[in-house]
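Below is one structure. I have some questions about it.
Letters A, B, C, D and E name the chains as they come in the text, with residue numbers starting at 1 for each one.
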Amino acid sequence: MNVPTNYVVALSAVLFTIGVVGVLIRRNAILAFMSVELMLNAANLAFIAYARALQDMSGQVFVFFVIAVAAAEVAVGLALIVAIFKTKHSIDVDELSSLKG
Amino acid sequence: MTTDLAVFLFLAAIAILAAISMLFARNSVYSALFLVLNLATVAVLYLLLNAAFIAMVQVTVYTGAIMVLFLFVIMLLGSQQAGTGPDLPWQMPVAITLGLALMATLVYALLGRPSLALASQAVLQGFGSPQAVGELLFSRYLLPFEATSVLLLAAMVGAIALTRDEPEGKPR
Amino acid sequence: MLLREVVQGWGLFAYAPLIVGLPILGLLINMVLGRRLGERFTAIVASGAVGLSFVVACLQLAALLGHPEGARVPVADWITVGGLDVAWAIKVDTLSATMMLMVTGVSTLIHIYAYGYMHEDVRLNGDPGRFTRFFVYFNLFVAAMMILVSGDSFLTLFVGWEGVGLCSYLLIGFWFEKGKDGIGNALAAKKAFIVNRIGDLGFLLAMFLTFWTFKSLQFDRVFESAQALGAAAGGTITVITLFLLVGAAGKSAQIPLYVWLPDAMAGPTPVSALIHAATMVTAGIYMIVRTHVLFQLAPISSNIVVIIGAATAFFAATIAVAQFDIKKVLAYSTISQLGFMIAAVGMGAYVAGMFHLVAHAFFKALLFLGSGSVIQGIEHGHHAVAGHGEASGHFDPQDMRNMGGLRGRMRVTFWVYLIGALALAGIPPLAGFFSKDEILASSASTNIVVYVVLAAAALMTAFYMGRQVLMVFFGSPRSEAAAHAHENPPIMTVPLMVLAGLSILGGALNLPGVDTLGRWLEHVLESAHAVPFNPLVAALSTAIALLAIGLAWLLYGRKPLLENQPDPLARDLGPAFVGMQHKWWVDELYDFLVVRRYVWLAGFLANTIDWSFWHNWFHDRVIAQSFRAGTRWMAESFDLPVIDGASARLAEWTRSTAEGLRRLQTGRVRNYGIYILAGLVVMMGYFLLRSLS
Amino acid sequence: MNSWFSILNMVAFFPLVGILVILLLPRERISLIRWTALITSLITFGLSLVMLAQFDRSNPDLQMVVRAPWIQVGTWTIEYHIGIDGLSILLVLLTTLLTPISILSTWTAIEERVKEFMAFFLLLEVGMVGVFLAQDLFLFYVFWEFTLVPMYFLIGIWGGPRRMYAAIKFFLYTMAGSILMLLAIVWLALQMGTFSVPDLIARGGIPLNIQTWLFLAFAAAFAIKVPMWPLHSWLPDAHVEAPTAGSVILAGVLLKMGTYGFLRFNIPLFPEATVRFAPWIAGLAVIGILYGAAVSYAQRDVKKLVAYSSVSHLGFVMLGLFALNPQGIQGGLLQMINHGLSTGALFLAVGMIYERRHTREFDAFGGLWKVMPVYAALTLIITLSSMGLPGLNGFVGEFTILLGAFGSQAIGSPWFAGLAAIGVILAAVYLLYMFQRMFMGPLDKEENKRLKDLGWREVVTLAPLLILIFWIGLYPAPFFNLISPSVGKLVAAVQTAALAAH
Amino acid sequence: MTSSDFSAVLPLVIVASSACLLLIVDLYVPHGRKGITGLLAAAGLAAAMAVTLVQSRQPQQAFGGMVLADGFAAFLQCVFLIAGIVGIALAYDYLRRMGIERGEYYALMMFVIVGMMLMAMAGDLIVVFLGLETLSIPLYVLAGFARPRPDSEESAMKYFILGAFASSFEVYGIALVFGAAHTTGFQGIVQAVQLGRVDHVLLLIGAALILVSLGFKVAAVPFHMWTPDVYQGAPSPVTAFMSVAVKAAGFAALLRVFLVAFPGLAAEWMPAAMALSALTMIWGNIAAIAQSNIKRLLAYSSIAHAGYILMALPAAAVGRVAPEAVSGALFYLLAYAVTNLGAWGVVVALESAEGKGLLLDDYAGLGARRPGLALAMAVFMFSLTGVPPTIGFIGKFYLFRAVLDAGLVWLAILGVVTSLISAYYYLRVVVVMYMKLGDPVVRSEGWLNLTVGLMALGTFVFGLLPGPLLALAGRAGFWVFGP
């Protein structure tokens, strides 16, 4: 594909931002996680684009690591959600506000 | 406008739309499915950017495993429609404004970079192949690779610790 | 150094330190043993110590006859700092020896008298335990007075100066639970000390100036370099002497600082006699004479001294005329006489001043002791009438309106009192005639205005003394107490008789033409010039005195006052009498101008400025509370109503802002995320702007 | 003399031995604990007398120096560097004297948590002595701040009803000043490469504009401690709430740390700035003298009155120090001791009546002289000493201070001393007022009629102070002899620097 | 992988493998005896510590520059390991008391330490990222370890969401840096900057993103908001460990990345770091005053201290001062670790099973009830305030020295002024303990007492004689800049 790298990176930036906004505006914890995944995914896109442009495989290896990390995060995160659901019967992050002040 | 660019713009549009849809979908299941769409689109982009192996990983791990897990949890908890009360005041507008500011900054800065043209360079033999990735992983990136294994182990243990039921855990 | 060597080196001067040491020894003995060994012991120790001091003073006199230039007897180093070098040293010269003799002599007599007086007084006042304390203070006073007169430097003089002030304070406040409202005596004591301190401030400043001008505080050195510098330091010397005058005005009760002395009569009568008539109050005169070298170099100051002295002499006399308290009359008389002396030394008539000082000490001590005798006689009478105990309300044993006709009941007292009064009035050949005449003669030869003022004062002096004697001793008793009064025991009357003798013979000290005192003091007051005897002035003075006494007889003697009859003078003088009676409202004026201002200022500073504003408002409210308010801004979890004591507005403001910013630590994850994002956007924007510019 | 068993180390750290013993004692053995503390402090006092005996009074320099590297920070060597000279010896003696006296005063006053009290008290002594001995800025700062801690506890645990407020305020205010000093110390060391005070003085050569800032930073710490007007707001609170022994030490020693700081650090380290600031400091001192006196007069609580009187008295000290001539500085130094003695004694006296009546309001007293003659007489002497009656110690100090300030070139005008001298009158006004309200007048309160006069322990507590009050008042030569060589050296140095600056 | 590579990461290997071993052993340890696992974990950490101390070697690179094993890393590793051991000691009885005694606790804690060690020795951004994640993920779990206590779960969830959010920033930042400098190795970045081959703007944006993420970890304002909530909700021993070790790890990465990789950008990030530091000091200290819960108070205190340490970053931007500033930060971290761990120990001692005993008022009367414990707490509070002679004072002193040396006088003044403010709330703790009456419920548990005692002793003794530690920190500071 013959597209300027900047375009690809800009796309990644847009996706990243959508992810950021997603974390901030969705109250559903699962949605927040998914938004985080979107952010990571955006970063991966940037890695791949740079890897291609620089002819450096390192970028792709990073993506490999990031995906692994994402998997780990999801495992723990979902476990956490399940655990909280068990006690609170809700996954609304706004309801997690007994600690404040 | 070259074909490549047209393809790219098309895919980009799908990815962005999918992402936005994920954001605003009422039902979490739909959100998850939009995210799957987004991830798949990006995987196509990976493929086009000479990252075949990573594209495969993306499809199998992300779309295949992770998102299924998500869907599974959503179904399990029956929490498709979480959050019915009034939203936090100001949260939405402020978040979107700041998000737009961030996007503007990033996009402005990134587009203004000296272009790293993709076409002019011939891709090296085996660039992005599983073999190349594997070689790097086990030479230069041996330590991070090992670290990842520890990380995954830790995550596993953690997930178990968080969900395991313990009948005997009685406070003293 | 062994004592013998000392004696060999200094001759009899070597004993000079004893003059201070003996009274101190006496007071130490009394402090330790006095209460255990009884009144007699105490009185003997105290009087003995002072008596021995008198003996030592006589030894100094003897030594001076051989070595009239005197001596300086160092005892110990005191303050040696930088260029300042002050030692405890005794200066014996003819001037200080005169004072020593006079003070110790009169003191001895008064000590003896006080034994008798205080014996009764402590019983009348209901606390016999204080007998010893009185003599401790008395001895302390003599010691301090000796330090004052024998000091060889400004600073050691100042020690005595403040020391006598302290004793004065202690003795005025001796019956600290008595007086008006139970606190009057304490207030009088405090007033005396503080007014004296104002004078002391002048003295202090004079010392500072002296030191930095002449690099020393020792009299001899200061005078030497002052004479060397002469007119070159004229301005400074004028300032120094003016400050010294402030000091003298404080101690010798001159305008404007005389107000403490009448109040000081709250002390037991021997105190009034010793401290507030004979000795302490003359310290100012002594000091001016001591520093006459400076005053001579500062004519302006000398003139002011004269003005102050003459004005005081006249002013105080006017007040004395209209008083009814037997001691108050004497107190104002003292102030007036001190004015005479001050005027004299201001005119350069140092010898005359000193002469009057000594003579006045005799007859004024006599008068005070006599008045004490009268008062105690009246009190006895009062007790005899009213039975025992203090319960009997408003009776004032010092009010002359309650007396009258004591001549027959207290014969000795009457006679000695009469002698003292005539001496004070200036009837020849008593001591007062010669000494006062010398002052009048000097003034006549220097400034006729001063002469007139002083002569007027002398006229009033004779008048009020006549008035007093007539009111107290003649006529018939105006109260039951007076009717039952009786004479006091010899322990009190014998000293009176001795003093009466001295009042009669005191004039011999410096008879015109013989000038014993003048020659004696010549060794110190080189420049003192004796004014020749002026027969005209003498005759005039005598005439004035007789006239005044006659006037008094016309008013009070011809038709003695009856009980509750108003003073005939009030009718004759009208409003002026009211003014005199109320001391021209000076106390009230001071109270209004100074005391109340200061009380208000102190209260304002303390309560408003320091506490309300600075402590409570600025520190506790502005600093601490704005702090707490800011805190609540950032982390809203604290109970807002807790803001204790905050003004309503501040609280409201805090509340509303805190309410508005409640969202900061809301506990909502998504809010927290906003902060992260905002931080990022700001930082990134900043970076971008920096890198682009 | 670089031995760890040097006498200075012994003086400074012997109380630690006592603390150790106290900590090992069971807390119920109150009397044993008290005796241990008392004996420890007495031995410390004895050791300080040994130190005095070894002191060479003709030598203006530091003596008995112990100097050893302590901490290496980067290129700096922070040293354990202590020594004594004429500027500090009297203050050390004052500290070691007041400590046993204060401990004795707590015999019946402190009944709760005696163990902690005594431990903190001895700890405080270590800190105070350390402050006066330290010759390394860092070490000094450590001791300086360290004294806050035990004092904070003494006020906070054993104080009056508002003790927490007072304790925190005391801590915060003092710390507020000293942190600026810390920065200045670090800055100084960065520029000069050493913390050693003698070395810094010897090296000199700090430019005037920098001296100005450093002077102010140091002054911030010391002026709050003194406290100079208008930084005195913490003082009445701390004094009123502190237990008697705490007040005695606070007034007697801790405040002196401020004035000592000016003398030891500000003046020799920043001589040009000192000369430049002298009139300003003198001005503040004079305001403090008059203001403190006026405010004292309006107080109705005896302890508060005495507390405010410290503002006035320390104004004299500051005025003397910044006269920058031998009279002023020696007077100031002596006045520090005098104030420690007389105000310390006043606080003791107030504590004695407080213990009997549990109030300090004037209105509760009156006519006490009648029932407590010994108490009244002793208090009178102390009061007179405090108001500077000649023949007692206060006069010697005040007179020399005023004399020095009057002719001081650094202050530049006799007006300062002239106005300050009015403070002498005002002192008489408020002190005599206090005496009158407490001891004179009729004895009309029922509670007062049965008061017991002082017991032997209380008289013994006051006796050493009274002896010194008379001694210094009548024969101060030994004291002046101790301090004059060092002061002479200091004055010479400052004057050289001042000349060089002009 | 060569043997030198291996030796460079030996401590890390020890910790990781003992963690794995622990997982296995734990299966055979019966319930109620899980303490054994704790002891084994502590032994593993101690072994790693011993190795670290013995190694104490010349700076070296391993794994092709992925790892920089130097004094800096070794120093911080010691801090982590100490924190870990203390975390175990505090948890030993606490877990049983709270009914959450599970063997995974220790294993997870060791995984966290592995992550931290990776961060401290990272020579490449990817290692930083992986270290960060290895640190964070088990830590999320640990925060929620007291489940089903709602507070604990809430704390874990908050931490998780925000943590993941923040690390995504880092990933994106690394991507941009990779694009800008063509590498993620520190040395590569430096060389690229020197050779001018680098896209400055891109690099800056990447740096900003990384700064946000690391700022989150060290709890710098405005990325700190999670701290009080998470600290409050997490089990106290975890909080103790977290407040010390995570902060240290965050600073390790922050200092490494910004001083080793991005010195070329100092002109830009220095003002930002200054602002962050200033804000953090102000906010942390002021907000702490209003707290009535001791855990929240210590959380804000922890934020405030992050502000102080952050001062080292702008100071280090002045090249001459850099080693000094880094040493200052390192020493401060150690000082903070010792002090804060002790303070949390006291918190643990007072926390009762129901999660009660955490209010400041619950400390009333501690001075009378448990003088030793109260004294220790007082020492910690004074140390946190920075009163000599405590280690906290030396830490501040050393740090301010660097800051002043760098000419940042106003920052130093702000630092001292805010530490004055901090005195207010630290003293309040002391006030409550000693000057208020109360009857607190206090545990007396062997390990706990020992730990608190040791920390108090350390706080005091190293405050008097900080020489050796200062020397260590000094050398570590110099070594960060490589041979």
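In this section, a residue touches a chain if its C-beta (ideal position, glycine included) is under 8 Å from a C-beta of that chain, and two chains touch if they have at least 3 such contacts.
These numbers were taken from a predicted model, which means no experiment stands behind them.
*Asks:* Identify the chains in contact with chain A as well as chain D, in label order.
*Replies:* Touching chain A as well as chain D, we find C, E.
*Asks:* So which one's got more C-beta contacts, B-C or C-E?
*Replies:* C-E
*Asks:* If you average the CA atoms of chain D and of chain E, how far apart do the two points sit, in angstrom?
*Replies:* It comes to 43 Å between the two C-alpha centres.
*Asks:* At what distance in angstrom does the C-alpha mean of chain D lie from that of chain C?
*Replies:* 35
*Asks:* Taking each chain's centre as the mean of its CA atoms, how far is chain A from chain C in angstrom?
*Replies:* Distance between chain centres: 94 Å.
*Asks:* Express in whole angstrom the distance between the two chain centres, defined as the mean CA positions of chain A and chain B.
*Replies:* Centres of chain A and chain B (C-alpha means) sit 5 Å apart.
*Asks:* Among the residues of chain C, pick out those that touch two or more other chains and give their numbers.
*Replies:* 635, 637, 665-671, 673-674, 677-678, 680, 684, 688
*Asks:* Which chain E residues sit where two or more other chains touch them?
*Replies:* Residue numbers touching two or more other chains: 126, 130, 133, 137, 140-141, 144, 147, 156-158, 161, 165, 169, 179, 201, 205, 228-229, 290-291, 424.
*Asks:* So which stretches of chain B touch two or more other chains?
*Replies:* 88, 91, 95, 98-99, 102, 105-106, 109-110, 113, 116, 140-141, 144, 148, 151, 154-155, 158-160, 162
*Asks:* Touching pairs of chains, which are they?
*Replies:* The list of touching pairs comes to A-B, A-C, A-E, B-C, B-E, C-D, C-E, D-E.
*Asks:* So in the complex, which bits of chain A are touching chain C?
*Replies:* Of all residues in chain A, those touching chain C are 20, 23-25, 27, 93-94, 96-101.
*Asks:* Mind pulling up the chain C residues that touch chain A in the complex?
*Replies:* Interface residues on chain C, with respect to chain A: 635-637, 665-670, 673-674, 677.
*Asks:* Flag every residue of chain B that touches chain A in the complex, lowest number first.
*Replies:* So the residues of chain B in touch with chain A come to 2, 4-5, 7-8, 12, 15-16, 19-20, 22-23, 28, 31-32, 35, 38-39, 42, 45-46, 48-51, 53-54, 57-58, 61-62, 65-66, 69-70, 73-74, 76-77, 79, 82-83, 85, 87-88, 91-92, 95-96, 98-100, 102-103, 106-107, 110-111, 113, 115-119, 121, 123-124, 127-128, 132-133, 136-137, 140-141, 144-145, 148, 151-152, 154-156, 158-160, 162-163.
*Asks:* Could you pull out which chain B residues touch chain E in their complex?
*Replies:* It is residues 105-106, 109-110, 112-114, 116, 140-144, 147-148, 150-151, 153-155, 157-162, 166, 168-172 of chain B that touch chain E.
*Asks:* Which stretch or stretches of chain C touch chain B in the complex?
*Replies:* Its residues touching chain B are 663, 666, 668, 670-671, 673-674, 677-678, 680-681, 684-685, 688.
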